Structures are given as structure tokens and as C-alpha cells.
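Both of the next two complexes hold chain A, though its partner changes from chain B to chain C.
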Partner chain A sequence: MTKWKRIKLNEFKFPKVTDYNKEYLSYGQLPQGVELNKINKTNNNLIIENLNNNITGVGDEFTSHVMANYNTGISLYIPKSTNIEDPIKLEFNMDDENPTTIDQNIIIASANSESTIIFDYTSKDENNFHNGVTKVYAKKNSVVNIIKIQRMDDKSYNFDSNIAYIEGRAVVNWISVEIGSDISGSNFTSILEDEASEGNLASIYLGNGTRKMDLEYTMIHKGRRSISNIETRGVLMDQATKVFRGNLDFKKGAKLSKGVEEEFVVLLDPTVKSHSIPALLCEEDDVQGEHAASAGQINDNQLFYLMSRGLDIREAKQLIIQASFRPILDKIPMDDLRDLILEEIDRRLLNG
Partner chain B sequence: MSKNLLDIKDLKVNIDDIDILKGINLKINEGETHIIMGPNGSGKSTLAYTLMGHPNYSIEDGEIEFEGENINDLKADERAKKGIFLSFQYPEEIPGVTVEDFLRTAKSSVSGKKMGIITFKKVLKEKMKELDMDDEYASRYLNLGFSGGEKKKNEILLMSVLEPKLAILDETDSGLDVDAIRIVAEGVNKFKDENRSILVITHYDKLLSYLKPDYIHILLDGKIVKTGGIELAKEIDQKGYENIKMEFSN
Partner chain C sequence: MERKKTNIEDIDRGIYDIKDEFTYKYKSDHGLSREVILEISKEKNEPQWMTDFRLKSLEIYNSMPVPAWGADLKDLDMDNIITYIRPNTEMKHSWDDVPDDIKNTFERLGLPQAERESLAGVGAQYDSEVVYHNIRKELVDAGIVFMDIESALMEHEDIVKEYFMKLVPPQDHKFAALHGAVWSGGSFVYVPEGVNVDIPLQSYFRLNAPGAGQFEHTLIIVEKGANLHFIEGCSAPQYKVNNLHAGCVELFVKEDATLRYSTIENWSRNMYNLNTKRALVDKNGTIEWVSGSFGSKVSMLYPMSILKGEGARSEFTGITFASTGQYLDTGTKVVHAAPNTTSTVNSKSISKNGGHAFYRGLLKVTKDAHGSKSTISCESLMLDNESKSDTLPVIELYNDDIDIGHEAKIGRISDEAIFYLMSRGIDEEEAKAMIVRGFVEPITKELPLEYAVELNNLINIELEGSIG
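Our next item is the complex of A and B:
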């Protein structure tokens, strides 16, 4: 587990997995031909077909654990040229009775289809545990939007591995919101398989208290003229630790492709640890890879300026955080989700 | 006689162990307009920041009383709630926060009352019109990309929305064109009444011709060395600080 050195997770012990019994799935009108099923060990061909296809994600130990122990999740098949207008929503709310969510999610988006799937992970009690794998197969010209919100309790653990196989002219838009858990590791990998495949990842993270997170975003360019974009905004305070890894990997054949990654983090306290590790790998010359990372200390003068107008220190920080997150939050098309996120941020500032 | 609002007694302030303010005494009553002039680096902004409660400026000695209460240990937001306002010499840029959102948040913090979005929009629109500011500023990010003059106007907009008891204007006239100075002065005059006081830091007498100040103070090397009427400002405008410096050089 060399990967986990920085957040000191070398001897992680997996908890005992029990069933997840709560209702978690909601959706609106499903067009004809859409197949949406809850997953359990016995019922699912799609899953079984995909079992051989293990991925590394946040680490082999974690993804193998999901393969062996999954207790929930969905499989979704969207036929050709089908647009699912209402988002499909999965809400996992862990507690003492349902302390573990080990979800396997398989999404097959046929050519020219369009869909949005939201995952919201929350937890109430100590030692709740999430470990999941989500696989997206975006066929030609399809658009898949995946929104993942992780706002679990401070004593919980979160591990999440995501991968998308993106065919020609298909687009996968990931939005990741990381604002909870004691330790959180998430990986989003997009494989841009063909001509003009496109992968976008927009994320925000908030680290407070002594929380630790390891975020890895990988874009593997295989197709010509493939496009990727990583845009991350973070805020760290107290003694929080964050490791950010952004990987742009241009394989042979990815001529004329372009990848951009940008991470901007606001450091509210000098006691935080922020590591940013961008990597650019090129097997092809004719590609364009850009990365920008910057860390902004909120300076005392900015805080003083806001406070001199009557905002107390918490309100001033809140305003700065919201301002930093706004460009990403604005990409989330649902007001209620945005409000939930803002509320959770508020709550964390209040406790801090 | 009008009531005392601010009473500064023998105020000594240092930054990084260097003495900047070396014993300031100043009384401001309700409804009065005071001007502070002084050469660059004499400590004018330091006094303004100290009155507003900047954490990096530590009071070594002396007292700041506001409405009879010692406020030495109050934080900036607590002072703002008591009715002190500072128009910054160099307003900070806050990306992502719109002028309107900020003003509404600040107004409800200072007044302790929530104001409806629609009511607030109306108030804001009116005040912006008075200051000859285009509506579109309301939706721009706070001070981001504003010209020097626009930032200053925005400070005055804040003042007129927040309605403090004591407004400290630190070189608000610097960087304003002649028309803008007149508009800002009108804004300040409109804001001022028999209870509200202003303390203006300036290098020029242009703004003063509109403001009808009660007192002019000269700050030199961390001390108020001279107090007088408008004629003092005229003298400095013509002759500079040399004479005064000579007079107080030892």
C-alpha cells in the first residue's frame, strides 16, 4: 500500500461487511428500454460479466474488497439515442444498523444517449464505512454526467474508485464533492478511447479538523483529438491533510489531444498539509498537456477587510470558501443539492 | 454641547516592535467632521487600522473609547457592529463574492436584522444611483478588476448602505477624478447628520472644500502636532509640510 504513505494508512483493517438494507434508489420517468436494477450477489448478469474486469482505483486491496463483498449498488443500461431527463439518484445513509456500504455500480450508456446519475454518501454513526466501485461505459456520442457527493461523518471512512471507458465523441462529466470522512480516498479515471473522446472532472474538497484525504484524478488519452479537463477547488483548515494527484497520460496514437488540469486550494490555516502531485506522461509528441496548481493563503488583510464590515471570522471564512467553490458548484444543475453541500460546509465551519 | 463619540487617549501603537503611533490624543463629538493630514508614512493609515481593530497593529499604551466604552480589545467585526466604518486606502479584492451578496451579508451582520432580497435590491439600486454607479457593479466580484476610482466609490457605497456612526475615510479622494470627488463628497454630506461623525484622511484640499470640516489635524511622525481650521489645509496645500516639520523637528 505504498500509495497511502502520505496519509498514513499503511495498516488499514477492513471492517466486517453486513447487509445494506435501506432504500437508496430514486428516479423519475424512465424511457422505454432503460434497465435499472438494484444489485445483489445473485441477480446480476452485468455485474458478473464485469467481475473479471477488476480495476486498481484507489488501490487493488480496496477494489478487490468490493468485488468480493459488495452489498449494494445499481446496474443501469441505457439504450441507443435515449435521454433520461430526470437524474437517477442513489442515497446511502450509513448508521449503526447499516454501517457498511460496499457498492458496485455499472452504467452502460449506449450510443447517443444522455443521462445523469447522482450518488450521495452520508453517515450518522461512528466507524461507518464506504468502499465502492463505479464503472461507466460511454458508447459513441453519449453524454454521461456523474455527480458524487461524499459528506460522511468525521469518524467514517470512505474509499471510492471510479472508471469511465469513453468512446469516440462521447463525453463523461464527473463532479466530485469531498467534504466528509475521517479518511477519504477517491480515484476517478477516464479512459479516452477514441477520436474526440472527452472526459471532464470538476471537484471541490473541504478539509477540516484532522481529516485526511487522497484524491487522484487520471485522464488516459488513447484516441486522437481526445480532450480532458480537470478543475479542482479546495479549502483546507485546521490540521487537515490533502494529497492531490492529477495524472495526464498521453498514449501512443493520441495525436492532437489536449489535457488541462488545474487545482486551486485556499489554505485557511498554516497548520494544514497540502500536497499536489501533478504528472504528465507523453508517448506522443503532438499533444498539449497543461497543468496549473496554486495555493492561496487567505491573507490577514482580506479577512480584516471582510470583518471590518461586520462579518465575524466564521462568516468571513464561509464567504471566502463559498466564493472559491462557486465555479464548481455552479456546474451542479440542482439547487437542492447545492444547498445541501453549502449547509454541510456551514456545519463544519461552525464546529471548527 | 454635542455628545462625545470617539475619545483617543495617548494612543501608542507598534508594528513588529517598531513604534508607529507615539501618543495620539483626539476627541470627536457627534456630528463633527475631522480631517487628518500628514506626510507619507506619518502613521495616518496605521491610526485608521488601529481604530478599526486590525489584529497586526498592537496597542502598547493608551485607550480608544467609543461612546464612553473602551474598545481596545474588541475585534473588527464587533467594532463594525458598534458603528465604526473604515473606507480603506487600498480596498481588498475578493474574487467570487459579488458586491450585492457582500453588501447584503454585511448589512445584516452590522444591523443584526435580515433584510429581504427584494427590499435590499431596491435600497442598493437607489444608493448606487446617488453615487452615479452603474447597476452592473452589483453583480461583479468585490473590487476585482475595479479601477482605483471605482474601488473608492464602492467603499462609499458600503458606507452609505451600512450607515455607521463614525466613518473613517482613508484617502478616499485619491485616485478619483474631479467629478467623482464631487459625487463622493455629496454622498458623504448626505450621510452626515447631527449624530454621525467623519474622520477624513487626505492629502488634498479639494475634498475639504465640499465637506466643511470642523477641525484639521496634522499628523507628523506618529503624533498630532497641530490642530486648526480649514486655513491649515490651505497652508499645507501651498507650502507643504516643511515649515511644520522644522517647527517640530526636535
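Our next item is the complex of A and C:
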């Protein structure tokens, strides 16, 4: 495999894919008509139906690897006007017995439905590997919330490609939490196909140790009055490397659309590497597109104030970091999940 | 006001489009070969090291691929470009000695008049050679050197040899290598320590021949504590065949020195403008770029500032106006390579009638550049939905002690603003033109008065017939 993007992943080979045998799916009450199935090689009607929608995601090598080797995942069909109140949760916990998660997820949300799906990727042992593809079809007026938490072990590799086809007045809200693994590449693409389609992406990332991340968020505006919002907060420390790519792509015909993207990164050490590439592509005049990016250190005055209140420097920094993540984390409606993420961040900051 | 609904192709570009009859004293064969280069070098009576340099650059050119990103260059057929044309005159120091047809061209462009009124010195290049060069006597007395680069190569060989293509080596990219092989003409400026040149110097590059290339080299050295404003102007008449401009500008700004480099580029719509500009700034020095890109079929132009000394500063102010059939890929690169360096980028682009404006930029802050600050702002205005406008700024940070802000906006003239102006009795077209002029005002105010007027005229030319 050749060098992968700016991270320059040299001599990378896909590991041998073995079965993923652990239980990973939990859910509450499913309303009538909802079809939720685990994916395996014999039960994949939805996958076959949607196979033609080839996506690039983090890269063709990775998505075609998923197509050929998937060993887990779900297919979810939500009928019209159905609201799944309890979130559906997928927890993949890789270990020596189940070292690879190659998940393929298809979510079809019919008109006027509402649903929340949580993906949580963790790993216990070194050299675990995750490569996945998630496709979301949000039909008219539906709302789909996807929360993806990646907190794998510092020696693991993570690749994740996500795409949503969003019809008129439908909304897809992505929340991405990237705080683990050694090498991580993720891509979230939203195609705003019709009138007033809406895609929102909120993400946080934490780069510590020697972690390298390539995070790409793409919003393709095709429909009139479509709306997109990318909001990213990050912290980099130690020798971490991060590449942020935010793409707002206004296609011809996307009149009166609006897209906003923002990235704020706090840099804590002189050894970090931070690349940001916010792209605005535009073929339609009657749109509003905006991007903003900023990078800097923790404000000395803030630190000084907190320390004058009796916090030591580490605690003070920790508090400021938490505060910068807070606006994104507050979008997660489950308290327990939010606390879990905050604990994980604290743990990683303390170890670092 | 009369409504004008002509297509942009039919617009009278006025003075810029008047062609002279194509006469020449010597021209090279089409295309590029060892023989062509040896001939150019021989015509110019160059020292051996320069001939060798040209041949080495040709090898590099042949070994490098055409850039795969940005503009589509497949219509650019190097085999059909004439790389060297010596006009029918020698270099003159008085306009009266310049042949009438060439002199009239520059008269129409307003150069001799500007020289009389507001410039300290002027160089004028016609096709491949500089035909006129003059500088006020008091500047010569102050030790300032302003001459065509061929003469500089004879008279100041050691300086030229020390700096020539050291900042933009031929290995940089394919068209830098091409430039190294076939360069001809351009200006050389040397401002000695502590000298303050308070009125600008200007070089004007005019490409008259069809199917030709212009490859001028501009080399400016501003010594410690000195100060200079240099203006570059470019234009060419419209032909049906493609022309190529692959110039190179190397600017050396020494300690505490300031250089302002202004460009108004108004090439015709058959021009591939693949120019390379770079400045190296020492301790507490300042480079200020003012760049207006209006013409050409394809432009790929990214003036680069390398802030090498502590406290160095760069400022980039640019405007790009893309219309029918134009792909203007412009932007700027800034490398913060020393502590406490600052940079400001302020870029505006306008696209209309199917034009494609692309802002492509790079900001790089190296490991050692602690305490650096940078702000980048890009704004794009689209006047219709046949046009395209893209923004791609790359930010690479290798250091934490910095303060970086970036903003970009894309959109069109708001209906409210037009409605307001119309309610005040201004008709729609004038209202739009007013808003566009307001949009570019931060750029025009950076220019000397007569260039601001020229820029406004250009915008009027470009806007006529665009609405309705």
C-alpha cells in the first residue's frame, strides 16, 4: 500500500480478518415494523441492494476492503412515521480473540421517522484494527442521529467511512468523538439531495502521544435551501499529528443554501503538527458559505486565573480543555455517555 | 445610463488590444531544444555559466511532469510556442530613440506619461527584450541600480550570479525549469543600504507576438534599512493562438528593509500565465504584495513570502476577477521560518459569466517560528450561477506558540443592498458596480492613484454587459 494522504502511512498492510464473535448490539423497545438485523455473510439483503452505491470514504482501498471482508455490522430499516425512542447501541470491544472489526452498517430511515444510533469502538489489546462503512439513507422529513465514539487503544488502527443521502427536509446529525488509536482516518460525507435537506456534523478530537489523525468532513449541497454545519473542536499535545479537511461543496442548483464550517484547535506542545484544509467549492451564486479556522495556545490569563483559585497547572489545563470540548459534548443527549467520554479524555490527559 | 448588453468577448479592451504588426530582428524556432537554447544564449552573448545553467534547466524541464493539479494545461503546446523574439530595436534610454510603433504602444498604455509624472524609473519590455530603461539621475547618484537584467549580467555579473534563481531554483516546478532554460529580459534592481526610494520604479511587460512566450526575470535586492516600491504591469493583445507567460520574480529583502511589489496583470484571454514569484525576508524586513489578476486564459500564480529572519513581516493584498473562459487559480504562500514573524493575507475574488476563480493558499509555520501570528481572510463574490468560485487554503502548523486565524466567505451581492441603493435613485447596474467597487476598495486604496484609476476602469470594462 502506498502512502496514505498526509499521514504518510508507510508499508501498511491490511491485517488478516478473523470473525468478530462477541455480542455487540443492544437496544430498547423497537416499535412495530422496525427491522434490525446483525449482518453476516448469509443475511445481507440490504447490503446487496445498496452495493451499487460505492463510496470513496477514507479511500477506495479501505472501502473495498470492507466490501470484501466485512465480519459484523447491522442493517436497520425504520418504517414510515416511526420513532425509535431508545437509542440503538453498537459496542465493539476488540481483544486478542476478536482483533478485527470490519463493520458494514446500512440504515434506512423512512419518511417522518426518528432514530438514534450509537457506535462505540474500544479495544483491549494492542494491534487491533477497525475498518468500517456506514451508509445512511434519510428519506423525506426523517431525523437520524449518529454518534460515533472511537476510543481504541493507542496501538490500534482505525478507519471509518460514513455517508448519508439526505432527502428533502430530512436531517442527519453526526457526532464524532475521536480520542483513541495510533492511526485514525475518518470520513463523514453528507449529500444534501433536495429542498431543505440538512446535515450537521459536530466533532471533537484529542491528539496525544504519537497519534496521527486524518479527519475529513464533506457536505455536498445539491438541493435548494439545504443547510449544513460543521463544528470541530480539537486539542493536540505531545507529538500528535492531525489533518482536518472540511469541504463545503455547493453544486449548481443549490440556491439559497447555507453552509458553515468551523475548526478550533488548542495546541499544547511545540512538537504537535496541525494541518487544516478548509475548502469552499461553489458553482451557485445564491448561496452563503463560510469557514473559519483558528489555532492557538491556552490563554495565559485563563490559566493564571484558575491557578490563583488554587488549581495546579495540570488541573487548570484540564478544565480549559474540557470547556473547549463542552459545546460539542452537550449535543449528546445521554448523560452517561457524556460522562464516559469526559472520563476517557481525563484518563488520556493524565497518562500523557 | 445606457444599458449595455454586449457579450464579454465583444467588449472593447481598448488600448490593450491594439496589435502592432509582427516584425522582429531575430526569432527562435518554435518549441524547445538544445539548439534553440544555445542560440538564445549566443544572441545574448552570455557568460558560459549562464549557458550551462540554461542547458541544465532544460534537462530538468524535460524530466519533470506537468503539474496534475489546478489548471488543465493540455491545450498548452510547448512545441508551438516561440520562446525568443528580439524586437526590431536595441535597448534605448530615451523614448525618442524607441521605434515609433513600439513607442506608440507604450504611449497608449500611458507609460511615458506615468514616468514623467509619478515614477522614478521605468523599464519597458517588448516581447523578449527590454527596449527602454531609464532612471532618474538622483537615484543613480544614490547608488541605486535599475537596469535590464541582460545589462546587469554584464555589468554586475557577481551579484547576478550570487542571486539568480537561488530562491526559485529550476527544480522547483516544471515551469520554473522552463524559465531557467529560456528566460529573457526583465529588470534588475539594487537598492543600497539605508536608501529610501520614495517614488516607485516600474517595469512594463508587453507581449505583442502571437504564439509566443514571455519569460522575463525580475531580480530585486533591497539592502539593509532600504525602502522600495516596485510596480509591474503586464498586457498583451488578443490572438487566436495560445501565448505563454512564465516569468520569475525573486525578491531579497534584507534586515529592516521594506519592499512593496505591486502587479496589475491584464494579459489577454489567450495567455497561460504560469508565473513564479518569491520573496526572502530577513530580520525585521517587510514584504508587501499587491496583486491584481484580471486577464489571461489560465493563471496559476501564488506569490510566496519566506519569513527567514526574526520579526519579518509579510502582507498580501490580492484581487482576482474571472470572466468568460477564464480559470484564474491564484493565492499566496507564506512560510514562517523564524520567531515572532507576522503575516496578513487579504484576498478577494470575483467571478462572472462562466469564469472560475480559485483561491489556493498555503500557510506554514515551522518548528522554530514561535510567537508567530497570521490572519488570512478570503472573500469571494459570485455575480451569477454560471460561474465558479473555490477556496482552498492549506494551513500547516508545526509549533504551538502561535496565533492563527482564518476566515473565508463566499456569496453574492445581497438583494437588500441593491434594493437600498435603488431606493436612493441609483439604477441597478450602477448599484451593482458600486458594490463591486466597494468590495475591491481595500485593494485599490493600496495602489498608487493612477493604478487605482486603471483598476477601476478595468472593473468597468469587465462589468459592462455582465448584468441583464
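We take it that the second predicted complex is superposed on the first by the 339 of 352 C-alpha atoms of A that agree within 3 Å, B and C clash if a C-alpha of one lies under 4 Å from a C-alpha of the other, contacts with A are read in each partner's own complex, and residues count from 1 in each chain.
In this text, contacts are C-beta pairs under 8 Å (C-beta built on N, C-alpha and C of every residue); 3 or more make two chains touch, one makes a residue touch a chain.
Just so you know, these numbers come straight off a predicted model, no measurement behind them.
Novice: Let me test your reading of the model: by the given contact rule, A:37 touches which partner, first (chain B), second (chain C), both or neither?
Specialist: Neither partner.
Novice: What is the contact status of A:278 with respect to chain B (first) and chain C (second): first, second, both, or neither?
Specialist: A:278: touches chain C, not chain B.
Novice: Hey, is it chain B or chain C that touches more of chain A?
Specialist: The partner with more contacted residues on chain A is C.
Novice: Which partner chains sit in contact with A:239 here, chain B, chain C, both or neither? Use first/second/both/neither.
Specialist: Touch status of A:239: no partner.
Novice: Does the superposition put A:297 against chain B (first), chain C (second), both, or neither?
Specialist: In the superposition, A:297 touches chain C alone.
Novice: So, A:307: does it touch chain B (first), chain C (second), both, or neither?
Specialist: The answer is first: A:307 touches chain B but not chain C.
Novice: Would you sort A:315 into first (chain B), second (chain C), both or neither based on which partner it touches?
Specialist: first
Novice: Starting from the residues of chain A touching chain B, keep only those that also touch chain C in the other complex, and list them.
Specialist: After superposing on chain A, no chain A residue contacts both chain B and chain C.
Novice: Which residues of chain C touch chain A once you look at their complex with the stated criterion?
Specialist: Those residues of chain C that touch chain A are 367, 370, 380, 382-385, 387-412.
Novice: Which residues of chain A touch chain B in their complex?
Specialist: Its residues touching chain B are 300-302, 304-313, 315-316, 319-320, 322-324, 326-327.
Novice: Within the complex, which stretch of chain B touches chain A?
Specialist: 49, 52-56, 75-77, 79-81, 85-86, 88, 91-92, 94-97, 102, 105-106, 109-110, 141, 158, 162
Novice: Considering the complex alone, what residue numbers of chain A touch chain C?
Specialist: 236, 250, 252, 255, 267-270, 272-297
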